[in-house]
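By written order: A, B and C. Residues from 1 in each chain.
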Amino acid sequence: MDERLQLEGIDAGYGGARVLEGVGLEVGVGEVVCLLGANGAGKTTMLLTIAGLLRPSAGRLTWAGQDLLRVPPHRIVEQGIALSPEGRQLFPNLTVLENLQLGSYCRHARPYRQASLGEVYALFPRLHERRDQAAGLLSGGEQQMLAIGRALMARPRLLLLDEPSVGLAPRLVAAVFESIARIASQGIGVLLVEQNAYGALAIAKRGYVLANGRVVTAGLAAQLEAAPEVQAAFIG
Amino acid sequence: MGLYVQLLVDGLFLGGLYTLAAIGISLSYGVIRIINFAHGEFVMLGSYAAFWLATLYKLDPLTSLPLVVLGGGVAGYLLFRWVIRHVLEAPHLNQILLTFGISLVLQNLAVVLWTGDLRSATSVVSYAAAELGPVLLTFSRLIAFVVAVLLVVALLGWLKWSELGRATRAVAQNQQAALLMGIPIRFIYALSFGISAALGAAAGGLLSFLIPLSPWMGFPLVVKAFAIVALGGLGSVMGAIAGAMLLGLSETAVSYVLPGGSGWAEGVSFVFLLGILLLRPRGIYGQALEEQHR
Amino acid sequence: MMPKARVKAAAWAALAVAVLAAPALGSPVLNDWNVRICSLMMVALSWNLTLNAGLISLGHSAFWGLGSYAALLAANRLGAPLPLSLLIAALAGSLAGMGLAALTGNLRGIFFAISTLAFSEILRVVGLMTPDLTGGAEGLYLTPGLRPAPAVVTFAVALGAVAAVVVCAGLALTRFNLACRAMRNNEDVSKMFGINPLVCRVQCLAVAGGMASLAGGLNLWHGGFLDPLVAFDLHVTVLSQIAPLLGGIHTLVGPVVGSVLTVFLSEGTRIGLGASGYSQLVLGVLLVVCVLAMPSGVVGLWRRVLARRARP
């Protein structure tokens, strides 16, 4: 089956307030797709909807041809979709290792826990050094690595990343983008939400620009870099 | 000198039982954020279960303990799935009144079924004692203490090393993230509530051969458990152990030292409770959690 | 046709007259029901008043017991007649309420609730351990010569209940009520509107404590006997919660209706089924069912029915 994420005509929001209106989007196998837009455009809402934490009021959401709308959030990760959420959402009093182990809680990932640990440590050697530290005591960059690493522990086929570069020093931002590119090269689809538009477009194949809950532009990363909407949103 | 050693030993033994009785409240509050006023009734039902198994089937309360624990766990799990689940999102008032109501129902069910008469069970260890120098060691209390410690250690080990225990700690810390890990939160809730009830029932099983049983024995225990949990920090299992030991020692000391002491000893927990709530209204670990909201 | 507000006022007045006139009939059974319902009504209104400010009390038996003992000691030791002893009881309750409010400061939710529970339990232990004052476990009798005729006591209880309803209705019209409700919704935000939560709590518990203590004092004159287990019985706390919940919390009519229903249900099962556990069992089931199925009580249910009928 073709592992492709497809959203069509999604309406979603919180309580009465509608944030997304008729949004469509697609992510293919091993493809880095970035989702750009100003604050409040609806990027995080989009990720929460895909992860099942938010139920859309209308639209279609399918993954590998399967309807995701009726799948409860704790089952979504079983389907191979993992989210590294905004604000990282680690378990602060648990150790780095325990956080990673929890990442592979879901049934399909548990048998490969040791192998996944090895892969995550290879990607982020710093996590291996600090594996017995409480997650709350890590630096911002390390916490971000842990959040991504924890999502990878679920052996996802699609990784949702919510602003992985936020609050990091420029040197670390480059390292994080580099590791995302490496993850995608292993055949994992990545949907990347970013404020750092140029960093994201540099590693993405395609991108979408959201404004006021609608997709205003979509296309190949190279085209988007020059698009007036992107210029306007992030430079002007 | 002998008196002080005796006091220490007795206080420690009492503290062990209190730990077992209180730790369930700590666990269910830590994970589900619900204060269970019916927890004492699990203790009471555990005691009655042990009593009836001893009376009807000649099972020693120590032998029947595994059965009692299992029964308590299943009862707690089902109670959560059928009743408690419905007030998870409700205001505090509804949660408090619901568990209060359940407590009232279970208490009076016991009155209706088994009357309010005092009962007691005996165990093979009931009448054995040994003198170690100036200290009198009652075997029944010693054994109850050892079993309580074993159960508490088992709980801590389960939380620390098992897959589900780790998931339980994760849910206690960050529910949304736990959901993202694929942890079925509602199941973890029900499981924690079940384990909490099982530990309460275990305390009851041990109490069945130590003190007289009545349908009303649970409520004073639950207030003591609150005191213990408040002393140690709501939701902290290690804190609950420290709080239980402190309460056990203080109660024993009061009953040894004051004239008419055992009556005053009943008040120690309330004074602790009020004191700790008043002196550290901001500092209590649990209050900080409370305001974080679920 | 009269306007709705006038119909309501007339109904309340008729009810008050009926309750106040009933003792004149001199029926002991009627008097007993009257006392039970009216004294529960006072405690229930008092509990509802604290809840109105967002404070969940699990310690109303403390006020009840304090009031009973204050009235008893005033009568036995000082020879105070019924009205004076009741005044002393109400004052004792008010002072205790203010003290509790000052002590608990900014404790909220479950922490305030448990503090009140501990407060009430401490009083019970102290009562048991100070036999010189309270008679200890053996209890104390009201000096027999002091007791007026049952009809007089019943009238006093009825008057107390009417007064409690009037006080609650009056408070509902004041700024104090607004402050309480603001505090209930969000204490931090209420501060921004110039409400001092501590002052508000002290005032609220002063009124509520006085009301519940008055009920306790009145009940002493009705029963004539007291021991710490009866005085500080958790049962009073339980009843004071069930009645408003059954009737409908955050309303005036709720606790009133709820008290009537609660007494009928619990006394009914006690008389009908005999054995002691049943009436409490029924109360427990009632509590659970109310929370799960109708958290806004009979009044809420009634309003929903009306609303449905009003819609075409």
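Please note the rule applied: a residue touches a chain if its C-beta (ideal position, glycine included) is under 8 Å from a C-beta of that chain, and two chains touch if they have at least 3 such contacts.
This is a predicted model, so every value here is computed, not measured.
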| item | value |
| --- | --- |
| Identity of the most central chain, Cα criterion | B |
| Leading chain pair when contacts are tallied as C-beta pairs | B-C |
| Centroid spacing, where centroids are CA-atom means, of subunit B and subunit C in whole angstrom | 32 |
| For subunit A paired with subunit B, centre-to-centre distance based on mean C-alpha positions, whole Å | 43 |
| Computed distance of Cα centres, subunit C from subunit A, in Å | 56 |
| Subunit B - residues contacting subunit A, complex | 163, 166-167, 169-170, 173-174, 176-185 |
| Footprint of subunit B on subunit C - complex, ascending | 51, 56, 58, 103-111, 113-115, 117-119, 121-122, 125-126, 128-129, 234, 238, 241, 245, 249, 275-278, 280-281, 283-288, 290-292, 295 |
| Residue ranges of subunit B touching subunit C (in the complex, touch as defined) | 35, 83, 86-87, 90, 92-94, 96-98, 100-112, 116, 215, 219, 223, 226-227, 230, 260, 263-264, 266-267, 270-271, 273-274, 277-278, 281, 284, 286-287, 290 |
| Of all residues in subunit A, those that touch subunit B in their complex | 51, 53, 73-78, 82-83, 85, 89-94, 98, 101-103, 105-107, 110, 150, 154 |
